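Here come two complexes built around chain A, the first alongside chain B, the second alongside chain C.
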Partner chain A sequence: MLRMWRVGLLSALALAAVPAHAFIAYVSNEKSNTVSVIDTDSWTVTKTIKVGQRPRGIDFTRDGKFVMVAVGDDDTIQVIDAKTQAIVDSLPSGPDPELFAQDAAGKILYVANENDNTVTVIDLEKRARLGDIQVGVEPEGMTISPDGKTLINTSETTNMAHFIDTSSRQIVANVLVDARPRFAEFKHDSSELWVSSEIGGTVSIIDPKKHEVTGKVTFEIPGLRKEAIQPVGIGMTRDDKTAFVALGPANRVAVVDVASRKVTKYLLVGQRVWHMAFTPDEKYLLTTNGVSNDVSVIDVAAQKVIKTIQVGELPWGITIAP
Partner chain B sequence: MIRWLVGLIGLGLAATSALAADPVQIGVGYLGVAGTRSTLSLVEQPAENDGVAGARLAIDDNNTTGKFLNQRFTLEERRIKEGEDPVQAATALAEKNGFIIADLPADALLKVADALRERGTLLFNAGAIDERLRETDCRANVIHTAPTRAMLADALGQYLVWKQWKRWVLVVGSHDEDKLFADALRRTATRFGAKIVQEKTFEDKGGARRTDSGVTLIQRQMPVFTQQLPAYDVLVAADESEVFGAYLPYRTWDPRPVAGSAGLVPKSWDASQDQWGAIQMQNRFVKLNSRRMTSLDMQAWTAVRMIGEATSRTNSGDVKKVTDFIKGPDFSVAAFKGTRLTLRDWNLQLRQPILLVDGRMVVSVSPQEGFLHQVSELDTLGFDRPESKCKLK
Partner chain C sequence: MMSRIVVMAALALALSGTAARAADPRYPDWPCTQAKVPVISLAAVWAGPALDDAETKWKDDAKVSALVAKLSARKTPLDEAEKSVKDFLAGSTDKTANAKLLFAGLFDTLNAQRSQVMSGLERVSRKQREAADKIREETLALQALQGATPRDEAKVEALSNELIWKTRIFEDRHKVVRFVCEVPTTIDQRLFALGRVIQQEME
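Moving on to the complex of A and B:
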C-alpha cells in the first residue's frame, strides 16, 4: 500500500518536473543586434546571442538544428546552431535581406531583398545562390503554398502579392492589395491566402486559384484612430478556424473567425506588435512588441494574454523550435 | 510546301499573341523655374535637379509596378526662364502629359491652373507652401503635396509646447514670405498656448551670402542683435529668404535654442529620415541621383506616386478616371511617414506628418501626442475644415 502510494507520488512528481510543453523561442531584436532565446517552460530569456546588424526575419531550419536570421545591414543571413546557440555560418542572401521562406524539404530558401526589388533563391545545402526573381518595389512578405508549388512575395510600394511558380521561378500572377503589404499566410487547406496591408489597414483574402481578392478583414477599435491600426503579422491555427493578426501601433492582436472573416476579440499586448509564432502544440502564441521591447504570451484556447517577457530593443521577428 | 507555309503562319500567329498589348502610356510633366536660390549654408544649397529627381525616382517605382499592369510612365521636364510665360510652357507640356508636377511661385501656378482647366490636366503643387493656394485661391484642378506654412508652423509649435518651451522670441525677416511665415507662427502660438514675448525684425540690407571672413563678423553681430530680450525659452526665426536664420544658433546673447527657419526646422522630408521603411527609398534615391533627398524631392515623389497609386487601383491611364479616384474617399498613399496620407477633400491638400529636424537627425515627428482631433490627428496641423475659406471650382 505504502509502496503503491510512493510510486504514485513519484510519477506525479516526474510529471510535474517534465512539463509537456517546454519549447525554445528565438526573437530577433532589430535595434540591439541580438537574438533573445526564450524558454517557454519558465517563460524567461535564457540567453542573448550577439548577431549582425539589424536582425529581422528569423526562422528555424526544417530539421530544427539551426536558426537563420536575416541581418539586413550586413547583407547576409546568419546561421545559429540551436545546440551551441552560437553563429556557425552565413548565407549569400543578396543585399538587405528582410524576410525569407523555405520550401517544405528545407532545401531552398527564398529571400526578399528590399533594396533591389528581387527575391533571391538560395540552395541551403550548397550555400549557393541559384538566381534572382524580379518583383515589385520593396519586396517583403514571403510564404510558400502548402503544396510547395507557389511562392508568394508581397511588395510594399508596388502593393501587390506576386505569385511565383517555384519550378519555373516565373511570376504567374500579380494581385493588387491595399497599401504596404507586409505579410502573407496561406490557410493550411490552401483555399485562401491572407495578406496584411500595414498602411491600408486591412487583410486581403485572396483566392489562390483565381488570383482574386475575395474579401477583406477590417478592424475597428473604439477610441482608436484608424491610422493607428496597421496589420502586419498573421498566425493561423492548424484547424484553419482562428486567425490572429498583429495590429502594430494599435498595440493589439485581433482574433479573427476565419469562416466569417470577422474580428471576434482584440487582445491588448505590448506596443507596436508585429510578428508572432505558435508553440508547436498550439497552446501559446508569442508576439513581438517593438516599442515596449517585450514579447507577449497569448493562451490560444483562452484567448488571453498571460505573460510578458522583456527581450532586447525593438523585437521584430520570432521563431519557435519545431 | 503548303504545310510548311501553314506552319510558318502558325508560328507567326503564336509570336504575335505572345506579345502583350502595347502598354498604357501615362505622361507626367514637371514644370519648374530655371536656376536655384542661394542659401546661407553651402550644405543646403539646392541641386539643379531639386524636385525633379524625386519625380524621376517615383517614375521608376511606378514603372516597376507598371510592368505587372502593362502601364508605362514617362517624365518630361520643362524649366521656365526669367521672363518666360509659364502658361505657354505649361500648355506645351500638357500636349503629351495629362498630369503636371509644378514647382512654381503661387501667382504663376494660379495662371497655369486656370489656363489648363478646360483641358482637364491635373496639376500637383509640389513646391509652393502659400496658404492662399489652399484657401481663397484654391483650385479644383490643383492637388497640393507641399505642406503649407501653417502646417509647418503648427508642427513646430506642437513640439515646442510639448517641450514646455512656451515663451518665444520671434525674429522676422523683411521679405514678404518671411512675414507670411511669421503670421503662421503667430497663429500657432495662439492656437497652442505659447506666448510671443517679443518680436524683432531683421532687415535685409543686401550683401553677399559668401564672404571669406564672414564668420568673425557674424559672431559679433548676432549676440548684439539678440541682447536685452525679455525672459524667453526659445528663439523662433522666420527667414524663408535665407538672410539671417542660420546665423542664429550658438550665437544668441542668452544660451537659448533656435527653431523655425534654422535650428529645429519643420520639413516634409529629410535626408536623415530612416523610419517606417524609408531607408529603402533613401537608398534608391541616392543610387539614382548621387545625392541625398530633400523635401522638394519628396513632395514631387509623392505626387508621382499618387498618380501611380491611382492608375494601378483604377487599372487605367485615363486622366479623368485617375483624377476622380485621387479626389475620392477611397484614396490614400503610403509615403514612409508611418501612416497613410489622404487628401483634405475641402481644399485638396495632402495630410501628412511633419518632421522636425536639426540638420543631422530627425528630432521628432508631429502631430505630437496629445493633440487630438475628431477626424484625423493630421488635421491638427494647418487650417482645418471649419476655418477653410476654400470653395473648389
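Moving on to the complex of A and C:
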C-alpha cells in the first residue's frame, strides 16, 4: 500500500516537473544585440540575454546544453549555457559569421563567414578551429545532408548552391539557382534539397545526386508586387509532406504541399518574416518577424497563427531546445 | 578659427554628398538609408475579406472616424490602441462590417500620414542640398577675402560668423532628418499591428 502510494506520488511529481508542451525557444535580435528566451507553455519571454553585436545565426547544441549564437560584428560565435542562461564561452569563427550548421552527431560545426568568402570548420568538443573551406562570394545559407556527407552552402552574389564533400572539404558541384539564395533545407529522406532565393522570389528544388534543379516553387499573392515576395527561411515537417516558407516583406508564410510543389495557403504572420523553428513535437512553428519585432506562433495542424510574442529589435534567428 | 570653418564646411559638403547619392535612383531626393516604399499595399497588411465600399464609407461613420483619429495618433501608445480596437469590436453588433470600416479608415489615414512625412523628408533634403551649395560658395568667397591685400577684417569676420551659423543649421537639420527617417517604419508597424488585432477579432 505504502509502495503504491509512493509510486503514485513519484509519477505525480514527474508529471508536475514536465508540463505537456514546455519547450524553450531562443531568438536572436539583430538590432538590440540580445537573445530572447521564450517559454512555449506560457508563450512569454522569460529572459533577455545581452550578447555581442549583430546576433543572427542561432542553434542549440545537439545535447541541448548550450545555445550557439553568431555575433557577426564581433567576429565570433558565443556559447550560452542553457541552464544558467549566461554566456560561458566563444567559438573561433572567421570574420562576420552569419549562419552555421552542425553535423548530425553535433561534433562538427560549419560556419559561413560573410566577409571573407570562407566556411570555417570547428570541432565542437574541443571548441577549436579545424580549418577553412574556400567558397563563393558572400556565403549565406548552410545545411548538411541527413547522412552528413554533403555540406551545402549558398552564395549570395554568385547565385549558386555549392555542394561540399565533408570528408575532403572540397566543392564537388555548383548548382545555379535564382538571385540571392538565402537558405537551404534537405527533405528528411534526402531526396530533395530546397533553396530559397530572396530576390528571385522562388524556391529551387534540387536533386542532390544529379546536382540538377528539378522544379521550382513560385509564389503569388494578389495585390502584392513581386518584389515584396522574398523567400528566406524554410521549415519542413518530419514526414516531408508540408513545407513552410517565410516570405520576408510579404509578411506571410506560405504553406507548400511538398509532393505537388504548390502553395496551398498563405498565413499572415508579422512584418518581414525571416526564419522559423518547429517545437520538437511539431505542434507549433515559430517565426521571427524582423520589422514588427515579434515572433508568430503557428498551429501546424490547423495551419493558423494563434499567438504573437513581442521580442527585441529585429528578431532574426530562432532555435528550440531538442 | 579659420581652420574650424573649413573643417565644418568640408563636413557639410561631405554630408550633402551622401544626401545627393541616393540609394535608389528613382527617388533622388530621398535622404534615408531605409528603402523608400511610396505606399503600403493593402495586401501587405490585410488578409481579411475585401474592404469594398468600406474604403469610402468609413468617413461617414462618426464613431469609426473618431476612433481612427485616436488610433492613428502617434501619441496614443500602441497597446492602448490595440485595447481600444478590441473594446470597440466586442461591443459592436455587426463585427465584420465594423472591422472593415475601422481598418479601411486606419489604412487610409496612416498611409496619408506616411506620405506626408515622406514628402516632408524630401523637401528638407532638397533644402539641404541648396544649403550645401550656399556653404560651398561662401567658403570660396571667404578664402578669397582672406587672401586679399589689404585684408578687410570686418568682412572676413562677418562672413566667418555667417558660415558658422549656416553650417550649424545644416548639421542640426541633418540630425533631425536621420531621426525622422524612422517615422515611416513606425507608422508601418502601427498599421500592421492594428490590422492584425482587427483580423484576429473577426475570427
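Heads up, the rule we're going with is that the second predicted complex is superposed on the first by the 303 of 322 C-alpha atoms of A that agree within 3 Å, B and C clash if a C-alpha of one lies under 4 Å from a C-alpha of the other, contacts with A are read in each partner's own complex, and residues count from 1 in each chain.
Simple rule for what comes next: contacts are C-beta pairs under 8 Å (C-beta built on N, C-alpha and C of every residue); 3 or more make two chains touch, one makes a residue touch a chain.
All figures in this text were calculated on a predicted structure; none of them were measured in a lab.
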Simultaneous placement of chain C and chain B on chain A, clash or fit: clash
Which of chain B and chain C A:R225 touches, first, second, both or neither: both
Which of chain B and chain C A:G270 touches, first, second, both or neither: second
Chain A residues touched - chain C or chain B, whichever exceeds: B
Touched partner set for A:T158, first chain B, second chain C, both or neither: first
Chain B versus chain C as contact partner of A:A250, first or second or both or neither: second
Chain B versus chain C as contact partner of A:R180, first or second or both or neither: first
Residues of chain A that lie at the interface with chain B and also at the interface with chain C: 225, 249
Complex contacts: residues of chain A adjacent to chain B: 96, 114-115, 117, 136-138, 155-160, 162, 171, 174, 176, 179-180, 199-201, 225, 227, 249
Sites on chain B touched by chain A in the complex: 61, 64-65, 68-69, 277, 280-281, 283-284, 305, 309, 312-313, 332-334, 338-340, 376-378
Contacting residues of chain A [partner chain C, same complex]: 221-225, 228, 249-252, 266-268, 270-271, 291-293, 308
Footprint of chain A on chain C - complex, ascending: 41-47, 185, 188-189, 192-193, 196, 199
